[in-house]
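Each of the two complexes below includes chain A, the first together with chain B, the second together with chain C.
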Partner chain A sequence: MRDAAKYIAVLRLSARETFRARGEVFARSVFMVILLVVFSRLWAAVGEGAGLAGIGPAQFLWYLALTEWVTLGIPLFYLSIEEDVRRGDVAYRLARPVSYVWSKLAEGLGQVLVRLVVLGIVALAVGRYLAGSWPDPRALLCALPLGVLACVVLLLIQVLIGLSVFWLHDGAPAFWMIQKFQFVFGGLFWPLDIYPGWMQSIAAWTPFSAAVYGVGRNALRYEPEVALRTAMILVLWIGILGALVAWAYRRSLRVVEVGGG
Partner chain B sequence: MSDLQARLTGVRGTLRFLGALVSTNLKASLALRGAFWARVFFMFVNNFIFLVMWWVFFERVDDVRGWKLADTAAVYGVAAGSFGLAVIFGNGVQYLARQIYEGDLDSVLSQPKSVLLSAITSHSEPAGWGDLFSAAVLFAVCGYVTPGLIPLCLVLCASGAILFLSTGVLISSTAFWLGNMQSISRQGFHFLVIFSVYPSTIFRGWLKVFLYSAIPAGFVTFLPVSLLREFSWLKFAAILGAAVVYAGIAVLVFTLGLRRYESGSRFGVRA
Partner chain C sequence: MGGSIEVDGLRKVFQVREQGSGIKDALRYLFRPPTRDVVAVDGISFSIARGERVAFVGPNGAGKSTTIKMLTGILHPTAGEAHVLGLTPWKDRRALAYKLGTVFGQRTQLWYHLPARDTFRLLARIYDQDDAVHERRLGELVEAFALAPLLKKPVRQLSLGERMRCEIVASLLHKPEVLFLDEPTIGLDVTAKATIRDLIRDASVQDGSTVLLTSHDTGDMEHVCDRVIVINHGKLLLDQPVRELRRTYIRQKIVTLLTAEPRIELDLPGVTVRDRAPHRTVFEVDVSATPVERVVKAALELGRLRDLTVEDPPMEEIVKAIYARANP
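Now for the complex of A and B:
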């Protein structure tokens, strides 16, 4: 219980810091607005033709608003761990009364929560303006907890990339690849519904399908049972990735003991 | 020595200086050979994953106001080639706002060559080579580039790189007046990439004007791709003219800002 209080303190401190350093969140908000404007033009042009899979331009736009809300909500967190490893800061942080890796995760969650609030407001305002209508409010309510769970999954993946620096010395290539898999198999720009069957099957075996498409599909249709199933899949992925982080962290401590921070 | 001769000697000296910097940066990147090739390879794959997403899209949509998958491949080719050249030769632009804000330009102020050139050529990104390889493959598969058009592709990528760097310098130079602009300048550099890789036919009205002025995406990819489809001297002159004008504005704004620069009073050695 006392441990949980320590991590919550780290989370609150990180959230406060993120709120004070607004530049990054502001830049991401602008980024989101630009993407929504670009895609509103794309869907308008597609709508002039035969359309796409029976999904209208407004639905596509709200889908993108939700997937970008989750994707842009995640900071480039692996860089923070990479810097700790490169500077050797990990070594002295080990002496603190909280686990390095879990306190980093709490720090990341603090950043994510502030971003989700700010980006959520931006997505709602710009989405409404560009789409000209609201999606089903019940579907948006379903997307809210799913978005938070999805961010925990994506953050755990970033922590894993950060820990890989102990062996690979450079997290960027792994990050690029995983980020692009997230874009493709998560259906970041367009729903997995329009993908060929074989790509949908591959996507289903990755955490990105639930973490990105699972959140975005709420803009296409309100299906509480599917949302509940998505939440369960996300919790399962949190368990798997959490265990992987714990394992990788134990292995990385051996590298610190042998080679120093 | 006449004025013209002196200028030519100055230009030659600057080019030699640039060559030496690039060669030193390349050697530094290759010192960690494994990391270098990993970055090159992953960037190459990274670019193709984006193309896969567009392939999925164009499997379901015939065209977007006449824009097809081949056009997207060509746009990605020009964008990757331009961005690759920009980060290989001038990745320092991504650190420029931080250098200005933290008073870290001191080490380049004492250099005998241009402060701006020294600052932006101080870093090279190995992943840029991955972009260049991707560009070569994308040009080959898009169907618009014949062997005779290879020199044109190189010129288009070079002018695109100048536009990328000029935009980066312009946004970063605002740090002279506005202070901490690190995050916004980095993102701004990437905004240009975002606007450059979507079908140009979706942009109309004020957005189109915006993409040929404030954000020069039109000159980086849209006009070059239409030039590859059908050559026109007018379009060619517009692309090169835009590169010269944007570079001129970037140098002017940086020079004006440099007058306001306050030293970080730091001791440091430039590697």
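Now for the complex of A and C:
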């Protein structure tokens, strides 16, 4: 319980710091606006001719707004851990009565929460302007907790990439590869509904399908039972990835304790 | 006074990977990298009593930081024993963390965009400090370290000296029984260094805390500590009171004079020219033969003085002198 209070304190301070250093959040907001404008126009042009999977331009726009909301809500957090590893700061932070990796995760979550609030407001405003209508408000309400769960999943993946630097010495190649998987199997730009069946099956086995498409699909149709199932899948992934992070952290501690980091 | 830090035959050997040149070596490195043993700390033993202030000095790569890492529980030793406040650091790291304070001169624990006050509040949570206790302790430290005007400034706007004062306060908030300071004055100007040294010493006297300080700066050692342990190549070279070290090895001061005249000469006992360039002369002064004031006075009489610095000899030279004395 005492430890939980420590991590909540880290999360709150991190959120305050992210709010103070708003430059990056502002840049991501601008990028989101550009993406929404470009892709909505693109989809309108393609969709009109082909009528892709029965998804109209307004639905697609809100789908994209939700998937980008989650994707841009995640900072390049692995870089922060990579820097700690390279500078030897992980070792020095072990001299405090708090776990390095879980306080780092709390720090990441603090950053994510501020981004989700700001990007959420931007997505709603731009989405409404470009689409000309609101999606089903019940679907948006479902997307909200799913978005937070999805961000925890994506953040845990980044923590894993960050810890991998202990052995790989550079997190960039792993991040690059996983980011592309996220784009493809998460259906970041195009809903998984238009993928061939075999690709949808592969995507279902990755955390990205639930973390990106699972949030975005609320804009296509309101199905509370599917949203609930998505939430359960995300919780399962949080468990799996959390266990993997704990394991990787224990291994990396051994590197620090024996080799000095 | 009971033992605060007990070290017995502490040894740390690192396995360092070595990569040769050429494709063959690169391939071998990929699958089975060749390693070499590097002895960082070679069986050192010492004991520090509660409330003692000890300088742990030596040149780069001597094994100072490795020893401190082992004493804070960060690093596991290859052999030997160590107890800090009765605990084995690498086995009881978390329990020990509540009793230790650490300041690492080149690392920060302050949140960059927020005022230091916010970090202090977070540290109170991390060290399970009660709100009332935290406020009282912070009040004492803010007064002692004259931090009141800095508390609400974002850390990014603080000077290096101000930041270091905040770093030390952050490490003292939970009233640690042992304080490890690794190069606490690195990069600071002369005034800031003097302030930080006084503050560390005063805080240790007031709290009765043990201090183990590593530094390249002999001034840190002279002004903060009563005892000095010198190590080199992982071995303990010397363990004696600072006043004795000063008498035996720190008799020299380095005096640099920038003058209007291109060249000056000083004919004083114990004063030799160490380096010379036009308008700049570096003298080595044996203060037991001629005090620094006399050197300055003589320089002023000779010509127009543009600038003057007085420094302690570098740590490397002191270690060399200790070596020379031990192995004549």
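Basically, the second predicted complex is superposed on the first by the 259 of 261 C-alpha atoms of A that agree within 3 Å, B and C clash if a C-alpha of one lies under 4 Å from a C-alpha of the other, contacts with A are read in each partner's own complex, and residues count from 1 in each chain.
Just so it is clear, a residue touches a chain if its C-beta (ideal position, glycine included) is under 8 Å from a C-beta of that chain, and two chains touch if they have at least 3 such contacts.
None of these values were measured; they are calculated from a predicted model.
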Query = So if we stack both complexes on chain A, do chain B and chain C clash, or do they fit?
reply = fit
Request  = Quick one: classify A:9 as touching chain B (first), chain C (second), both or neither.
outcome  = second
Query = Can A:44 be said to touch chain B (first), chain C (second), both, or neither?
reply = first
Remark   = Rounded to the nearest 10 degrees, the Cα-centre angle chain B-chain A-chain C in the superposed arrangement comes to 80
Task = Using the superposition on chain A described above, determine whether A:148 touches chain B (first), chain C (second), both, or neither.
result = neither
Ask   = Of the partners chain B and chain C, which touch A:96 in the superposed model: first, second, both, neither?
value = second
Remark   = Of chain B and chain C, the partner touching more residues of chain A is B
Inquiry  = One more residue to check, A:24. First (chain B), second (chain C), both or neither?
reply    = first
Request  = Report for A:184: first if it touches chain B alone, second if chain C alone, otherwise both or neither.
outcome  = first
Ask   = Which holds for A:255: it touches chain B only (first), chain C only (second), both, or neither?
value = neither
Query = With the two structures placed on a shared chain A, what shortest C-alpha distance in Å links chain B and chain C?
reply = 8
Task = Would you pull the chain B residues touching chain A in the complex into a rising list?
result = 32, 35, 38-39, 41-43, 45-46, 49-50, 52-53, 56-57, 59-65, 127, 180-184, 186-187, 191, 194-195, 198-199, 201-204, 207
Ask   = In their shared complex, at which residues does chain C touch chain A?
value = 14-15, 66, 69, 72-76, 90, 93-94, 97-98, 100, 102, 104, 107, 111-114, 118-119, 121-122, 125-128, 154
Query = Taking the complex as given, what residues does chain A use to touch chain C?
reply = 2, 5-6, 9-10, 13, 16-17, 20-21, 87, 89, 91-92, 94-98, 256-260
Request  = Report the residues of chain A in contact with chain B in the complex, numbered from low to high.
outcome  = 23-24, 26-28, 30-31, 34-35, 37-38, 41-42, 44-46, 48-50, 52-53, 168-170, 172-174, 176-177, 180-181, 183-184, 189-190, 194-196, 199
